[in-house]
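Going in written order, the chains are labelled A, B and C, and every chain counts its residues from 1.
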Amino acid sequence: MTRFILIALSLLFLGLMVILPVIAIFHRAFADGFDAYRAAILDPETLAAIRLTVIATLLVLPLNVIFGVAAAWAIARFRFVGRRVLLILIEIPFAVSPIVAGLCFLLIYGAYGPVGALLEPYGVQLMFNLTGIVLVSAFVTCPFVMREVLPVLMVTGEDEELAAVTLGANGWQIFRHVVLPNISWGLAYGVVLTMARAMGEFGAVSVVAGAIRGQTMTLPLQIELMYNDYNATGAFAAATVLTALALVTLVLRGVLNRFGPKKEAHA
Amino acid sequence: MTAIPRSTPRVLPGLSLGLGISILFVTLIVLLPISGLLWQLAQLTPADYFRVMSSERVLTALRVTLTAAAAATLINGVFGLMLAWVLTRYRFAGRGLIDALVDLPFALPTAVAGIALVSLYDRSGWLGSVLDKFGLQVAYTWWGIMIAMIFTSIPFAVRAIQPAIEELDPDEEAAALTLGANGVQRFLRVVLRPLMPSILTGVGLSFVRSMGEFGAVIFIAGNLPYKTEIASLLILIRLDEFDYPAAAAIAGTLLLLSVILLVAINLAQTRMQRYLRAEG
Amino acid sequence: MTFQALDIHKSFGDTEVLKGVSLSMKEGEFVALLGPSGSGKTTLLNIIAGLAHADRGQLLFAGEDITRLPAGQRHFGFVFQNYALFRHMTVAQNIAFGLRVLPRKSRPSRSAIAARTRELLEMIEMADLADRFPAQLSGGQRQRVAMARALAIEPRLLLMDEPFSALDAQVRQSLRESVRDLQRKAGVGAIMVTHDRAEAWALADRVAVMNEGHIVQFDRPEVLSSNPSSDFVRLLVRADAA
């Protein structure tokens, strides 16, 4: 009986709080029919926003992957002074609210910030453009790859890498042939999380993007713009794109959980 | 006897490269920006800081943010525990799907969540129209802010509590049953107490997340100064007015609050775990 | 080619694990390192392989000082206690790895690598299992793959850390023969860590008995039995013989 009540309550809570809003997105997007939806998606400004979002994400991704793998490797395989500090620093972005994060970047890299002012005479502007979007996106997604790769490295241990060392492999060969295949699943999920978050970041990006129509509007910003312009179909149509992306993320997570390597016995 | 000190060469390669990349990235992407905020704050005199923070509008915004976050956290604590319990202890059709959907608010961009929630709770929306019949209004009120916060932070509560329930020993519950403990006693003594550290973590993370939430909240909040304006939005408004000191003062306060909370959670967690281990 | 370790010292923090160990091997000799748990056998073997570094002391191979030489350039084959096979590579890929990662100048052609791999697969009698992954092998099969992988690089010395400890008694017996056989065929000197007296007696030309960071006696098995240098060695030899 308790079991039944608890399950029912849980389903009710999740249904009302989580599932219903998602259904509402699709309902509103298609409220004026499929043609209106199509027209909204194909709106030049929306397409430009999608393009910018994809470009920014493709720039953030390699940054984060290289950093995440490098940091996970150093932390998992070596003991050095400041190892714990590094771990904490990487986790900081989780604790910082998006607007505060955006403000931080503006205060240092903006035209009035110490670093921004230094670069200004050379005509280098970091904020209110694609660079700014990429930088804050790198901040908000900072721990994602590292967090997924580190535990995998911990679980696999260093034996295979040491074996490769005794067989004469150099650093790159060890990474390419031994480490990378071992961390591939964790890395893949880290990439998925980074992508989803980078594409969807709103608060931090809205501080540093500069909101120039058709130029520095990412998809979430474009959604806000259209929503405030009373273009509900446009906003919700664009939202379905990001919602689909979120659902794909969840499916991938499920797939990786199910088919990814379990903590298999040591070979 | 003095041995000539020799640095031992490392066997695995990549420490300097890995560490170099990490330090460069963390410096440019995390440390410098945070110090940018601190640098701006350092230029404020204490008097300036208190003038900004004691203005009625800022105080209201903080109060709205913190009370809504607290209420959302409380609800997430209860339902997070329940969801985590149901998902780990019961097997039922669709459990896997439900488990996956718990992460949806985490994966869904906050702006999307924002317009979805407002379209639901607006007077013309599915839920809003029902509530309206009872004279209740959620959208554009404090209640809307709370709902948005519940939405974005529920995964944090569930995911923090879930592993701890998995580790609970069902035998202990059975033992308590044979000793004649009734349901409530059993739950409090045998289940709730060992779960406390992780509940605390989940609730703390959920609060920190709620406090800083922006995208999901602003659409449903109404954003009336002195009424339904959250702290994050006020930072943005000050920024648009180029009032960087004021923006930095509010942001610094929010940041400090979350850092203190996270440190406190960490400390409390280690201490409670030690205490529980000493007991068991 | 001869191998020598001279006065090797190693500490972890405050505990001295190796307290001046010296060992000198003849060409093609099979040496067993025998001793109780914690006596420093693995530590010594790792230092010889270059997987750890001595605080003090010297390693010489064919007269050349290799103390500071990186593990990869020593050309010593190493068989790990848990085999450490590459789990994402097939048996054949595991065996070929050491050849595939050679610098381009000295790397054999693709077909030469394949031929050498086939040869080793036949030597360990696993030609039909070339495309299996390590997880699909039995313990004994894994052990043989690890041997073949170490031998593929034509090592100057073969190092084995308790190569049979993960196997049950029967497999152990049969593999002893094949390990000795493979080592003879390869014509390479070998050092094997073990804490099983019978194993050392069955395989080794000479046995180095280790205790608390020292080699207390280093001689042929018959001599250890007939002429133990201390009570420790006498007890060690007798305890198992009984």
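Note that a contact is a pair of C-beta atoms (placed from the backbone, for glycine too) under 8 Å apart; a residue touches a chain by one contact, two chains touch by 3 or more.
The shown structure was predicted, so the numbers you read here are calculated from the model rather than taken from an experiment.
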| task | Specify the contact topology among the chains shown, as one of line, ring, star, complete or other. | result | complete
| request: Write out the two chains that share the greatest number of C-beta pairs in contact. | output: A-B
| Maximum centroid distance from subunit B, chain identifier (CA atoms) | C
| remark: Distance between the CA centroids of subunit A and subunit C (whole Å) is 47
| request: Could you tell me the distance, in whole angstrom, between the mean C-alpha positions of subunit A and subunit B? | output: 18
| query | Between subunit B and subunit C, what is the gap in Å from one C-alpha centre to the other? | reply | 53
| field | subunit B, residues touching no fewer than two other chains | value | 11
| request: Going through subunit C residue by residue, note those that touch at least 2 other chains and give them in order. | output: 50-51, 70-71
| field | Residues of subunit A whose C-beta touches two or more other chains | value | 162, 165, 170
| query | Residues of subunit C touching subunit A in their complex? | reply | 49-51, 70-78, 80, 82-89, 97-98, 101-102, 133-135, 137, 142, 149-150, 153
| task | Could you pull out which subunit C residues touch subunit B in their complex? | result | 50-53, 55-56, 68, 70-71
| said: With touch defined as at the start, can you tell me which subunit A residues reach subunit B in the complex? | reply: 2-3, 6-7, 9-11, 13-14, 16-22, 24-25, 28, 63, 66-67, 70-71, 73-74, 77-78, 80, 86, 89-90, 92-93, 95-101, 103-109, 112-115, 135, 138-139, 142, 158, 161-162, 165, 170-171, 174-175, 196, 199-203, 206-207, 220-221, 223-224, 227, 232, 235-236, 239, 242-243, 246-247, 249-251, 253-254
| query | In their complex, what parts of subunit A are in touch with subunit C? | reply | 159-160, 162-170, 173, 177-178, 181-182, 264-267
| query | Can you list the subunit B residues touching subunit A in their complex? | reply | 10-15, 17-23, 25-26, 29-37, 39-40, 79, 82-83, 85-87, 90, 92, 96, 98, 100-105, 107-113, 115-117, 119-120, 125-127, 147, 150-151, 154, 183, 208, 211-215, 219, 232-233, 235-236, 239, 244, 247-248, 251, 254-255, 258-259, 262
